[in-house]
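Presented sequentially are two complexes of chain A, the first with chain B as partner and the second with chain C.
Entry: the complex of A and B
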């Protein structure tokens, strides 16, 4: 059945995600949130959640709806819930952000928006995780990349549950002592479960498969990959245990959290070795830009984890720089680099898949312009590294300028994605053969064309 | 239809399939090693066994349909059947060119 596994709503997830990234960068460039406000200030929470939920989680959600079926070679189960999940997530984020704004006192809004947003996000992520988990369930025993995704989904639910509890506490809906303790000491745990557990473990798992696929490298089940999975799962388990210890006021959180960070570093070292192995065993001589533009993201991952493992950095102002590098160097860099490919791939499937074999069609690579994008990725990463240094050096003005530069690079990359969707780069002779239907910019295909 | 004619038709089918590219790699599916077997039986019945580079790839359905369409149009083919398999799974070693 042609295109049976083409995800209908992925491009819509991506479109909202890109808008949220631009929003977050715009807010930071305008001086909203940290470093003008404190790390825990409501303004900073706005920027953080627009980035992590609006950009990274929607990006990951949209990508998983497309690639989990590829990882397990089974069709998506319950794909009809992808759109309601997106509505709940976007609405939940809007309510959450409005709640933070209310908390900041800059607008007179009801604090009830916080738990409302938390509840909607819990429902939206629950629905999304349910669809993906049901798909994974049909393919047991799971291949290793899918096991990373399964672990990431568990972390997602843990992070969202802690976040929803936070909203109950911050709004005054629940003033119990355990929740007060969680609010006081649980923020790093919530962040670790979300950024490390959900986003990073999942990204690592998917990348094992995608790197081998794009580089034409043999897919081997390496012992180091399995060890990386165990180390990451153990680290996430320790963080989850820390949440329980905080709730019940049991000591030992610092030791366990430190152990989780050390395990994460070990896992990343193993992962780095695996990536090197995949790259070296590739049959494709010239790696495409989506792969080359991922290398700085890998470096940012390693460097930020080294920094977070240094107690002086973790406990001081340096933590902001390390987290910035993790979020914008590793996760965002990886996300933008892979979007460059995935948007082209999905657009090709929509436009040219149905007429393949009937007439000459372009390659996926003909839908992108690497020359422009290479420069944009260079500017993005250079500005990102410099922005992290500006945070470390305590230079907020310079930080804002560098974030503005990142924003410009991101805007230009978004323009490249739009040009790909519009088939603007495809050689004229191949662009619009008879029978080809122009894809929508971000709305899904009609059901009859799937 | 003698054996030589069957072999010649199988070769024609193989040549015709070279017009289909794998969209990701940009090479034709024959040289990529995605066509595992072509058999021609009495009466111009053609059976093609093929795979894709990645199991579960969203392009699989399009590739299978393209192969079917292509084979039907080869002169001498009266009936075409395409079978998708992942046994053995494709590996880069199966490519005739890198």
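Entry: the complex of A and C
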């Protein structure tokens, strides 16, 4: 039967994700990792993986558990594996980070933690991707947004496989020549598959549907959207091919990787045109904050990809600034802006779903305070842009100060999410009509409301 | 025209033997319709022009083309309209074409989600069990479906030809304990 219900573990994914974002920003503000350490130092790897696995991937995982059923109008298949996947991912990240700390030499920990973490992450992401893929399988032929998600899942597995291979090499478990070559030349490929392939292709796909939904725009299957899909899939395929070339010491990696970046830029241009089209064909006059707060993220996506396409930036220290803008401007900005709406909507449905139509209930917008959040998003993006500039200008002290400001804005946004979960913003008279369900902060829904 | 749009060969069902034996072919026909592949047509052979069936099949998104094949027997080709999304129904909504005419019509196409969901659930609370309401929305109400089923209501819905309006019929049920 068609339809989607509330995903049981999504809020738990979101809660851990937000904690990891705060942790990563806290570490950077404290001066841990780049730019105090080098870009490939174990300390930098700690910050990068707490951000990309802990924050972005758990955020995306939790969101997909809820929204893949919405994309395909079919219930989630194998939802019982969502919790074990979360345990494996959180545990795997902890082991991986401990392994990096061991590598940095600041604590005497066994290097075996690295492949242990790699293996657990492989299992956790495999389980998550399996649940989502099984759900997508029930809805073939896939609508276009779901095809983006499918491509993203393939990239996720590729990125995690390369990452797991890295942990085997770094820990000394495997000292073969192909793996040594992959360790030497494969880091940009691993990053491109994770940040570009998994997180960005998936985010683009989901956004096609969500933007149309939130803006009340008609959902039309546009040629440009299909072209964007092809360009992204081709770019990801080229990067995957690069991995194979590196393993077998075949030349041509640079050319292919450059081609993949050019294709990505073209894809982003097509996507930008589609977003503009959806926005212009909207029926809702005033876009809500979650949409308006996404615009700076789109700009960050475009700008960072332009920067990455400039060889001098890509090859030099500028790459850190471009990647920072990509991760914190584009992916994190988009994530925080959509969380603002998603948390409110899911909380509303959980709390008031059983009594809808039977008595007056608050509206979804009564669960949030847009005025506060608008200022916070402004501070967040301004601090993020300035922090990227500070990296570009080589001003580490300034960078730390700006990340601290970004951290404060994120903390305040997290407080807004908690207030939404607690229904603290809702006018008292409407807050708790008889029969409503008081949502837990982040623990899963009770079984009866699944 | 309909022949060309059908990629798979139509399923053939000859109901003349059933009728000869004094049977009632309606169930058999509906059974055949549910087993059709997406895009597949149904070729029906009957000893008369099955006029009442045309409307039922129309409601299920099928065009028809009828021709007399001699002796007063008829052959009808039902072809799924390519431009109409298939009708989705709740698990317990066996044959929406037999539901009474809607006693309430709601145009919710200009409302922001999730307001249409709230309105439909509220309207269903007001109607007696067995009554039907009809609503037009601007998109598929994915989260409404399970809530309707949970409250014991049956529903059937699909997108219109343009894909911009979602039509839904809700037959109000008795609340489940």
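Keep in mind that, in the parts below, the second predicted complex is superposed on the first by the 446 of 450 C-alpha atoms of A that agree within 3 Å, B and C clash if a C-alpha of one lies under 4 Å from a C-alpha of the other, contacts with A are read in each partner's own complex, and residues count from 1 in each chain.
Keep in mind that, in the parts below, a residue touches a chain if its C-beta (ideal position, glycine included) is under 8 Å from a C-beta of that chain, and two chains touch if they have at least 3 such contacts.
Fair warning: this is a prediction, and the values are worked out from it, not measured in the lab.
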When chain B and chain C are modelled together on chain A, clash or fit
clash
Can you tell me whether chain B or chain C touches more residues on chain A?
B
Which holds for A:73: it touches chain B only (first), chain C only (second), both, or neither?
both
In the overlay, answer first, second, both or neither for which of chain B and chain C A:213 touches.
both
Check whether A:283 is in contact with chain B, with chain C, with both or with neither, and answer first, second, both or neither.
both
Identify the partner contact of A:443: answer first if only chain B is touched, second if only chain C is, both if each is, neither if none is.
neither
A:30 in the overlay: touching chain B, chain C, both, or neither? Say first, second, both or neither.
neither
A:349 contacts which: chain B (first), chain C (second), both, neither?
both
Under the stated touch criterion, which partner chain does A:364 make contact with: chain B (first), chain C (second), both, or neither?
both
Quick one: is A:375 in contact with chain B, with chain C, with both, or with neither? Answer first, second, both or neither.
neither
Indicate the residue numbers of chain A shared between its chain B interface and its chain C interface, in ascending order.
1-5, 69-70, 73, 213, 216, 218, 283-284, 345, 348-349, 353, 356-358, 361, 363-364
For chain A, which residues count as touching chain B in their complex?
1-6, 66, 69-74, 213-214, 216-218, 283-285, 345-346, 348-349, 352-354, 356-358, 360-361, 363-365
Provide the residue numbers of chain A that touch chain C in the complex, in ascending order.
1-5, 69-70, 73, 213, 216, 218-220, 283-284, 345, 348-349, 353, 356-358, 361, 363-364
Once bound in the complex, which stretches of chain C touch chain A?
88-91, 110, 112-115, 117-125, 138-140, 142-147, 149, 163-164
Under the stated contact criterion, what part of chain B meets chain A in this complex?
19-21, 23-26, 53-67, 69-70, 86, 91-93, 95, 98
